[in-house]
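To start, the structure under review is shown below, and the notes come after it.
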Amino acid sequence: MTTPTEVPLPPSQRARGDESLIIVMRQTATDADVQHVIDRLEDIGAEAHVSRGKHRTVIGAVGDREIIQQLPWEAFPGVERAVPVLKPFKFVSRDFQEHDSVVDVGGVPVGGTHFVAIAGPCAVESREQLFASAEAVAKAGARILRGDAFKPRTSPYSFQGLREKGLELLAEAREEFGLPFVAEVVDPRDVELVAEYADLIRVGTRNMANFTLLSELGRQHKPVLLKRGFTATVEEWLNAAEYIYKEGNHNVILCERGIRTFETATRNTLDISAAAVVRRLSHLPVIVDPSHSGGHRYLVAPLTRVAVVSGANGFMVDVHPAPETALVDGAQAILPTEFAELMVEVRALAGVMGLEL
Amino acid sequence: MTTPTEVPLPPSQRARGDESLIIVMRQTATDADVQHVIDRLEDIGAEAHVSRGKHRTVIGAVGDREIIQQLPWEAFPGVERAVPVLKPFKFVSRDFQEHDSVVDVGGVPVGGTHFVAIAGPCAVESREQLFASAEAVAKAGARILRGDAFKPRTSPYSFQGLREKGLELLAEAREEFGLPFVAEVVDPRDVELVAEYADLIRVGTRNMANFTLLSELGRQHKPVLLKRGFTATVEEWLNAAEYIYKEGNHNVILCERGIRTFETATRNTLDISAAAVVRRLSHLPVIVDPSHSGGHRYLVAPLTRVAVVSGANGFMVDVHPAPETALVDGAQAILPTEFAELMVEVRALAGVMGLEL
Amino acid sequence: MTTPTEVPLPPSQRARGDESLIIVMRQTATDADVQHVIDRLEDIGAEAHVSRGKHRTVIGAVGDREIIQQLPWEAFPGVERAVPVLKPFKFVSRDFQEHDSVVDVGGVPVGGTHFVAIAGPCAVESREQLFASAEAVAKAGARILRGDAFKPRTSPYSFQGLREKGLELLAEAREEFGLPFVAEVVDPRDVELVAEYADLIRVGTRNMANFTLLSELGRQHKPVLLKRGFTATVEEWLNAAEYIYKEGNHNVILCERGIRTFETATRNTLDISAAAVVRRLSHLPVIVDPSHSGGHRYLVAPLTRVAVVSGANGFMVDVHPAPETALVDGAQAILPTEFAELMVEVRALAGVMGLEL
Amino acid sequence: MTTPTEVPLPPSQRARGDESLIIVMRQTATDADVQHVIDRLEDIGAEAHVSRGKHRTVIGAVGDREIIQQLPWEAFPGVERAVPVLKPFKFVSRDFQEHDSVVDVGGVPVGGTHFVAIAGPCAVESREQLFASAEAVAKAGARILRGDAFKPRTSPYSFQGLREKGLELLAEAREEFGLPFVAEVVDPRDVELVAEYADLIRVGTRNMANFTLLSELGRQHKPVLLKRGFTATVEEWLNAAEYIYKEGNHNVILCERGIRTFETATRNTLDISAAAVVRRLSHLPVIVDPSHSGGHRYLVAPLTRVAVVSGANGFMVDVHPAPETALVDGAQAILPTEFAELMVEVRALAGVMGLEL
């Protein structure tokens, strides 16, 4: 390492492994501590690139990231911290695939320049309620219908959904109004059932890290709409997508829906930057949910407009014919007439952005 | 409402329902808006106590909280916000039961003045590793063994546990060292299996709001250790406990394990106040997990000491015979010798606090 | 309180005071505890509206909010919690003034349908750097120039600004390019100096709760641009605006610039909902800072577009002729050419929104 | 860089500069991008240690951290991110001084094994109130009196303190009860005044990043108690301490007082781990404020006990003879009798920990 700065190696001379991890040693680390780390790296077939400063020695670990990043480096004597260089996700990253993935949802393309409006009631409550909502959103220009048959609820005393009956109603509405539909699955034992009916299966925010559920969804073939956990970083969210992707199901759409912060004026804080961040890190499409992030009806229109110009590939909003009577999340549902007005703005903004609606 | 302040009603004249919700109307709300809310409350059998100020009218809703708190009041015209008076949980609250619950875990009491030390490896990796750890923690004074056979992992490329084989090893260690054990369940389909082996079933932080799993656990009879979601408020955590409790399983122990904050010097931020907050709001026992909150070995001792004097009913720490080789969370495991030293301090502090270890 | 629900009082019979606070008593509160609170309310000239449920008594306090909200109600025996009904801010609220305030910044109107683009370097580094940036942003359509002469920096070893020399250069640039300018003030002792030069005085995020500085700014006449503290709620931010407003300076513009959350992919999380929330709660104009919220150059364009359609009244971005050489925040500055391209999109989106740029 | 792993350099061959920063290049970075970074590092007198993996090139920058960490590396073409190796603070770090600093506060040592109890009213309201509190806390064993004469308040309508009159009363109480006192300074223009009276000058949480104030405090000689900003990381807090330290005032005590999180059951979340984290990273003493973190009277005792065993060097609590009448923060003040009982527990726990009270 005599003259490391003078002659940058040509690509052909690059190490064969990934530059996976940087291990920073403490000021007080001994030569034996450094050697111990190096030895362990060699044991697992990795290379160690050592760089020594006045106060710290830093070791770059080059090799298979799945192996290197697993080891508990901070338990080694003399190690201050370990900083991953490569993200833990792989197949969903732009490094792996440069071009945008476009996911087909019952004939509707989502991703790239294909921008999608998804709308409908939060929960399916009755045929009448669902059909009123579906008819209105179809007419106003939505391309996918939303409506849940299974609802995970914070309070055990809340309405939990119509279950299979709800899925049947959604399938009828699909026939009637020509809209494929998205519905949530909560229990891994219901995956098969929901997949039988729905065109797009949603993983709710509380289940983003339910790895059992994610694995099941990876082993079936319907596209998956993966909501961000309201306390998940973008990196954790992409890790969750990787769970599905690596099992063989490559049809994953991400959905930003607000994160938990100290602010209480809104139900959650819509992290609108996440759309652009995801598009930079991953090839998967990402949409925005203005209803559940804001939690108030008056925020649905501004947050939907924001979604259109943010780099996202679509949005999903709650539309209810009579929000006052809604069994779930009525405070954030908009009326069919409000949705129709909103779609006028959406079309104009999508036009400016060059998006196909 | 002419002279409301002069003659407070004696308890006998109290309304029959709960004081459940306060509805604050906007400055711009009309008399019709106010009346509309009142009418709806009467429809559902509740009383409306109306109080008018110069800028705002406030309506107190008295009646069955499960019904009143479900309605989407913020979707009503003229409503600014609705503030719950009573918490949504009921059976797990101190309002419902004044005295401390004591949960029996394979003969070890947890709760009240019974303070418990739980220790062992994060994951069961092998017979040798488990037994080395179990022997050491038993000798140092732990009363319950920890060790997981199923591990939900953020990255799909990480070690996921020995599954049933792990449970068998734990059962052997129980025989050998006389310690009941706690193990995590991840999938609702594994509840029966884990319940067959374990003395205490743990719900991990990522599953705190997995209501499917909670309901299953409420329908079996082994005690449950419910970790706080790392982004759950205390209220949400108690709601999760209510899910289990209302199904008939009253043996629930809570476990604080750190919450997600902006601080990055620790893996999570141990919310030590939560122990005292839970003890005030609920009759259930609560313990603390110093290993997974801090995320660093050097924090285990101070955070364990802190747990002893915080009002908590116990603690749980990762002890590994060789942290460097740990397949899961090695960076935060302590050595058997460190655990033995720590238990000396724990006993002294418990003595000051009048706790039975 | 015999039949409170039947005859809502006409406005003429409303209490003369504000409905200021709701005091929730514990389940265990005695009649004496309730009476003690009522007595104290009467002492301070307020009315107490008492409502009793089965488990809780609730007392509505009607009277002067500044007096009622000051008292430490939670220190009173038997009190569980006190919930404010009216916000603590008053003059900056929509309750106080229904129509939008429009602030005049050196001839440029900000507020209502007047949408403003503010651009320039983060810090003034030299005449050359400032003039290159100013010329470019003026040409591309910015109406106000930004540039700081005083920089509060996290590290004591960072560049702290050119001070008065920087203000002189900004004044020269104003002459040269016809743009009024905004500059930050950090120290209350510099208010007079900055006010002498600048058209709009900025309070930085770290000083939002520097009440000494706010009071000084309230007592001079130049308009103030009040950035949101990166950990302030919208309510605290409006309280800070109230500090300035109540001293007599009504020319306050708010600036959302991202809040601190657990997400690390961005420097801060732009709380885009805040624009709509502020517009609902207050009559003051609000703008957005895409540069300092995202912290990365690639996020400036999407977050600026988002600002245009969010309900905000403008935006402010860092433009630097050579970001690599920037002494402050170069990572988030865009090039003059990038700004010009961005302004094309901004104009198109503003057109859709009916905003005057 | 042919065989970097084989021969770790002996310390004598270490680079002369600090290992300051790691620059991670994008997958798409060209050789020219890499060379451009290397050239810039050489321009500023630093060494570049280049390590190339299959997907990423990583450059370790060795040299003066104040210079290297200033540059906007993320604005350079092809740079993905820059990770600092050394913390930005220097003199307050354990790297700089290994042994604990002990600060003398009017004859009372704080730091190392010297544990201190600080108590008194939040704000000085009157001679009677202050003296009642001071007498009680002195008798119970507090060694330093607290009491503020200047109060920064969130609402402009709240009590702002007795100002110089308050300082005079505190000085009288010092004479009467033999306790040195700590008081807050809010405005840099008041530093001289407060320094004239107080034994220890407090910087409040809202002013932790008020660099103007910090610099003034660094240029006078009274010790400073620096509260953590409620949204500051430990690293930012130590940077703030560095501001004071580098100006020549080495008598800095840190004070953890809770951070802002999503939890609302407490006013703030006491980050008790911070005591141990600070003791590891820095040689400065650190104390804990149980009153302002919890925000409720019932939390003061558990959080004080927790402080004693956490590794902290002391604690500070609000004691008020009549909390109901307190003008500031009455809800979290404890009574003199409660303080006396608490001190019994504190002494017992300090005994276990080997601390001198």
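The chains carry the letters A, B, C and D, assigned in the order they are written, with residues numbered from 1 in each.
Heads up, the rule we're going with is that contacts are C-beta pairs under 8 Å (C-beta built on N, C-alpha and C of every residue); 3 or more make two chains touch, one makes a residue touch a chain.
All values reported here derive from a predicted model rather than from experimental measurement.
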* Structure fact -> Touching both subunit A and subunit C we find B, D
* To do: Give the label of the chain whose average Cα location is farthest from that of subunit D.
  => A
* Structure fact -> Distance in whole angstrom between the CA centres of subunit A and subunit D is 37
* Structure fact -> Separation of the C-alpha centres, subunit A versus subunit B, in whole Å, is 27
* Structure fact -> subunit B and subunit D have mean C-alpha positions lying a whole-number Å distance apart equal to 31
* Structure fact -> So subunit D residues touching two or more other chains come to 231, 260-262, 264
* Asked: How about subunit A: which of its residues touch subunit D in the complex?
  -> 1, 4-5, 8-11, 13-20, 22, 24, 27, 31, 34-35, 38, 41-42, 47-58, 60, 62, 83, 85-86, 95, 260-262, 264
* **Contact footprint of subunit D on subunit B as seen in their complex** => 231, 233-235, 259, 261-266, 269-277, 280-281, 293-294, 298-299, 302-303, 305-306, 308-311, 345, 348-349, 352
* To do: Using the touch definition up top, name the residues of subunit D that touch subunit C in the complex.
  => 40, 66, 69-76, 88-89, 152-159, 186-189, 206-207, 209-212, 229-231, 236, 239, 242-243, 246, 260, 296-297, 323-324, 326-327, 329-331, 333
